[in-house]
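Quick heads-up: structures coming right below.
The following pair of complexes shares a single chain, chain A, combined with chain B in the former and chain C in the latter.
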Partner chain A sequence: MSNGHLAPRPGFVLDVDRSSPPVLFHHGEGFRLEKLPADRTRVIYPAEPLEGLADPDGAIRSALLNPLGDSEPLPALLHSGMKLTIAFDDISLPLPPMRRPDIRQRVIEAVLDLAAEAGVDDVHLIAALAIHRRMTENELRHAVGDRVYDAFAPSGRLYNHDAEDPDGMVVLGQTPHGEDVQFSKRAAESDLVVYVNINLVAMDGGHKSTATGLSGYTGLRHHHNVHTMLNSRSFMDQENSALHASNWRMGKVLRDADVKIFQVETTVNNNTFGREGPMSVLQKREWEWSPKDRAGFLAMQQGLKLMPSAAKRKVFSSWLAPYELTSVQAGEVEAVHEVTTANVYKQQLVPVEGQTDVLTMGLPYICPYNVNSIMNPILVMCLGLGYFFNLYRGKPLVREGGVLIMGHPTPWEFHPVHHPSYIDFFEQVLADTTDPAEIEKKWEKQFAEDEWYKHLYRTSYAYHGAHPFYMWYWGAHALQHLGRVIIVGGDTAAVRRMGFQPASTLQDALEMSTDVVGPQPTITHLKNPPILMADVT
Partner chain B sequence: MARLSFPLRATPVPNGVEPPPPVRHTGTDFDTDWARSQPARVARLALVEGVMRPVMSLVASPAVKGLDRLDRLDGPVIFAANHHSHADTPLMLTTVPEPWRHRLVVGAAADYFFRTRIGGSIAALAIGAIPIERTKVGRQSASLATDLIGDGWSLLIFPEGGRSPDGWGQPFRGGAAYLAIRCNVPVVPVHLQGTGRILRKGKKLPQPSRTTVTFGDPLQPGEDENSRAFAARLEAAVAALADEATSDWWQARVRAHAGTSPDLTGPDIGAWRRVWALGDRDRRAKRNRRHWPEL
Partner chain C sequence: MKALEFRRNVPRFAAARLAGSLTPGRGASVGPLHLADLDPPTAPGPDWVRVRPRLSGICGSDLATIDGRSARYFEPFVSFPFVPGHEVVGDLDDGTRVVLEPVLGCVSRNLDPTCDPCATGQLGNCENTTFGDLEPGIQTGSCHDTGGGWATAFSAHPSQLHPVDGSFSDESAVMVEPTACAVHAALVADVPDGAIVTVLGAGTLGLLTIAALRTFAKPRTVVATARYPSQRRLAAELGADLVVEPDGIRRAVRRATGSRAVSIAGDDGAVDRLSGGTDVVVDCVGSSASLTDAMAITRPRGRIVLVGMPASVSLELTPLWHREIELVGAYTYGTETLPDGSTARTFDLAAGLVRAADLGRLVSATYPLHRYRDALEHAAAAGRRGAVKVAFDLRDEKEREALMEMSK
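On to the complex of A and B.
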């Protein structure tokens, strides 16, 4: 271990005093070192990476043969003449993308090997991307490996889910709440669906894998909406998440419709930037940086300052995390997911006492929707107010009416291929209103049913027309909860367009926050990534 | 000129005394220790990286597959590959990944490569060859290989015992399996596709061709498995890799589980029909041999 200790150390809360060093803030494709006010600030540090499994392939095989819940072992579910569909998580997981071999490749190869042994001929592999953008050939190859790709893609048996294919989707019924359960027709008609998941955060997995991943706008609109988001506290905490409750209801409809799902869930450790190497400094605690770490960091800082933003993006996008598999479990969806969630919590949960007036966070270069792409302002909002704000269990880290300060360059820049509907959302919708409920009511349908966006989603590599709306709704709970949002170092016009306040420095932002929370506010910094989830009591 | 006298010249064996047996320096008696000294290793490194790699890149343009299957492997291993050509060894020396690449010895036929001292020295220096008897598992070569594996060296061996005479494989001999059991190390099956066209048996000049090197899942000998059974398993694994290289991974797995992987040794038919049946099994070559424009 890099820390020289026998076991990885858990996450903890540092009370900042005068002797505390400046804290590393991620800042898009860059970093800032910020000195936080003494005696009223605390910094939440993530846990060190847990040890990975020594024999991942052995563990995967064992999980397939010894399933959880009321499921039979996978070999007993496979037989000659059956229809098998293997669905897997898309490019949004894990973050950053992991080094080869990707976990999905390991699991899919193990599943296919058993299917080959059983003589199964009719096999389809589907990237369960719901209304995300399609994965490119290189991205699919990275996820499933060249062997699987070369065996299935040329014959059209490995492909991206198409939620707008009128012949490829089916509504299997309604939940008692009147929610349509829309599902991939191929998966619905299969004798068995094996879902291969990477559970990076507690929000992922469970029935959400299939009920969302293999669904379309008709189904998603029932839980990807403002009402659900406002009633998910947080959406990272399944027990208190309306988002999950809806997905679980849909899971029951799938079960009742005789869709047999064999869920394979995996968890990874916090080894996002490596225990050694140039990026390892990003997962070390500042006072443990060696002279080499400090020199490397300064060189990286200076180098990044000299690079144009496109080059910086390229450098950061090329980083592949050396994640290690910490657990794999398979079988019946709910039984599997219970164990998976416990394993996610084991790595990420950090106990925190009490809320704060001001929450600070440094947003990194990547979120689930800009892999190999541009982090546009809407995604900045989604990452900060959606994902990071919701990384809590119990109650939010910041009190109601408090201030959220996040650092990110927030460029007024969009990837024209990946995010075409985002451009119009930003120019047209946000210019009209930033209120999620009003946006939903007035604009969503128009974008979701736009034929051009549908065409780009189906044939190009574009997110669906409804996707930027969901990103905005993702932050609805935070918007309702917070008194003010300040973005440090962002493009002033872009920040203002979203209804937030721009600030040049953290000190300015802290000064501005006193208007809302009063002088000498308590401050908490969420030092993320590597990922942590605050267990706030 | 006056003849030199003893001790400046050797004295003849006195009459009535049995002459000592001649000391052999060839075949399995060839001493290759010097070829694993630091200077020799540096020279070999320069040769492999400076000469073999660019040459292989030029004449073989190798596509390397399955390296991810080795990512959890640690310590010395035995690489067992099919054998079509003299290009196989340099191809393997340049495609075997680190940390094995530069701590690798090659099992070479004692009766071929080590027939003369000059030839043996060149083989030992250039490719790190050690003499192996190909007709049987000889005590001397087995001990040498065992000692080297014990010292952390990995071994590249061609279990067919020689290059293919007609493009099809030959039955695997038990040497690699025996050593794996004796040293308790894993064997990595490797399939080489396309090298037969570069420098097959009987050819003097290489002909450029595209090649594919497929590394398979490491195999561990079972607890009660004898070398004959393990060699058969190894051959089946290489046959499955050959199937993978010529069809795809999924079809290869289906056939491997059904026990219907195409035999490495080819069909048991007349010679010309065997050559005919060889056909063009290389997908990479097929893809690029397009003589007509696509309209």
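On to the complex of A and C.
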């Protein structure tokens, strides 16, 4: 591992042989050590964490003063009497939440310092959560820092975006494709919108920050749909993503509507679990585990086995990643995002030759939509078939008609406050059909327009009624591509409800996969997290 | 003749209650029910005839009796020992195939004048089921004098008998009586056109009620609960628009009606009750849980129709008071007034529905009388075992022919 003296090693592909040790699979709030078949299995390992910037605050200030693309430095855009809106990424980024100070806090404080110097006093800060759940006070404090929170929240100038506020949203126009561009009225009426992003994966950022984050169902439905997902191959690859293209079209409409955006994008390294400490073993390669690592891991395993689910969830939720800032760039949206994407790729991209018959993955305890919450079955599907499956450039890691095996406890359990519409989606919609296109056609509208879901989204901490649909659509490309999906160690009824096959062990799952792909299939294990993106040729 | 006889036997009744609480239907093995060799029935009056059952169904109320779960309310309305069985298709001695309408009203009790309900055809509401020439018994199957359908023969008054069309199978014919209960329930529900109706329970009565609602009312949406896959499939086939598991009914009705949920803890996503709700609930379960659900999902001034036999329940009645909900029972059948003002015998309406919806297919399993323990356990676990109606098949009982010979 990198110790600050040696250059971090890039990601790589390990060919498993008889001497290869068992591989660590994430398994929700737990882990499994799996012995993978020799001579036909490969494991894709993520790169070691890049070095973080030595002076994050200095780098941020420098980026604000030296913008990219057709943009003036931020101080030149600030003046007394102006209306300034600072929008920032919500609780879904980064994953897991990072240790204080959060990058958003650093950037926002820097922006506010410049605004104060320019005499700007009409400033609003908005958590750009689109139709995600609202952030709690503690979550907002964690993201922006206590100083910013105490200065703005009590006077109502720091708040969560409300996509269902009839007086707070406007439609600014349509793209040439007929897509409504719905936007926060406060942001639209501002002289300047500064967007503060944490770009964890290649899908994040760019025009998506504002065109999605400050939009609502009227706008989102144009790209958060089955057609878009089936034509995004993958949605992590901007060159081949219909999702990306739609957001870029909307970005042009925003520009044409005179919405001035100053984009600040940041990237973090792969230091998800720390270079030292009890969790550091999760980002080490198994054959390099020290006796201390092994003992620590075994002790952790034993401890987790004795804990009830709620206690395990609490332990894992309390983990804050020691992420380090690897880059920050600011200015015009597209110019900024081009550099950001290159920096994301620099950390995450791993070259892989050829596809596999069977793709395996161990799903961790967290995804963008269950921070401080429960990873319900729909989110398991979304993380595996949506996010992880789409972490490719070129072509999918698994061949068409191949098998995806993912491990996760997949409990039939939902957070009633955060995911009320998910409960109904799981119990009514998936009981009817699991076909994304049919679900979209038959069910989406009534959930999206449900007044109770709207009420809970606006006043409680619930995801919007349409959100579980988007989670299901996120996996549409994988569902179309794969011959079978098997979940290892999941709740049998929950797995079957989703149309997947349950298996008790990885060995059973591999045996079951031969029905689809034949005997002695090639196997690839995507060892994620820390995050990697496969560049498949 | 061979018969399943139910005797008054307090220790055995207690044993049945205990066994039935552990395994539904197990009361048949340890309780007061036993297979007996009885004398052929003696006609209680000059007009009475003998019926030799062909199929005789097992009903939820029968199972409650066998497992010791019946309410003490019924004690004055039965006479021991009795032979259960009131869902019957059988043969008369002259060869006529008949379906039994089992209610023992004033006419069969030789009471003249009749009570007001009987005078207007509301046989189920007869006020004299403990009086007249017969021992107490609300129906054939609970009256000592008449015998019952779980035997090779019993006695019936001609007013109780409906000849069966030759095109009707025995399986269809045995479904007429439970279907009549469902038709009556659907009409008691008095569903406004375009209303949302919720049917709780998808056992035989629940499924038949869904079919009856679709035929005799014009609801916009029928929501139903069903615990097992086969029940869910049948509920949808018979006309339910949305079928959910019992635990999900509050959420399902909330969505179907566009109501908001009210949670005791506030906006925590739980659904304790609804702001609005369904127009009508037809409760075909009759338990504390189902009635509590019904109260939670019925709109203000809505109606709950209790069809499932409830026995003793524990129930919070505040919503009934606060939301001015109407709670009505629906018991058996008689003469119905249809929405257009016309009247018809419930059994005639039921026979039409059985034919139109092919309800004979709901007879899932039949057993000979001597396998009554298996039959009753199967009936008690019908949903879980993918069955709907379980019946005794007496067509091959040797004694049927012997009785026929005796009558000659």
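Keep this in mind: the second predicted complex is superposed on the first by the 532 of 537 C-alpha atoms of A that agree within 3 Å, B and C clash if a C-alpha of one lies under 4 Å from a C-alpha of the other, contacts with A are read in each partner's own complex, and residues count from 1 in each chain.
Just so we're on the same page, contacts are C-beta pairs under 8 Å (C-beta built on N, C-alpha and C of every residue); 3 or more make two chains touch, one makes a residue touch a chain.
Please read all numbers here as calculations on a predicted model, not as lab measurements.
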Fit-or-clash call for chain B and chain C when the two complexes are aligned on chain A: fit
Partner chain(s) touched by A:Thr136 [first = chain B, second = chain C, both, neither]: neither
Chain B versus chain C as contact partner of A:Ala462, first or second or both or neither: second
Partner chain in contact with A:Gly145 - chain B first, chain C second, else both or neither: first
First (chain B), second (chain C), both or neither touched by A:Ser504: neither
Touching partner for A:Gln446 - first (chain B), second (chain C), both, neither: second
Partner chain in contact with A:Gln301 - chain B first, chain C second, else both or neither: neither
First (chain B), second (chain C), both or neither touched by A:Asp424: second
Spatial angle chain C-chain A-chain B, Cα centroids [nearest 10 degrees]: 120
Closest approach of chain C to chain B (Cα atoms, Å): 22
Doubly contacted chain A residues - partners chain C and chain B: none
Residue numbers on chain C that touch chain A, as the complex places them: 242, 244-245, 248, 251-252, 254-255, 258-261, 266-270
Chain C-facing residues of chain A, complex: 415-420, 423-424, 427-428, 431, 446, 450-452, 455-456, 459-460, 462
Of chain B, residues touching chain A in the complex: 65-66, 68, 71-72, 244, 248-251, 253-254, 256-258
Contacting residues of chain A [partner chain B, same complex]: 55-57, 100-101, 105, 112-113, 116-117, 119, 121, 123, 145-148, 150-152
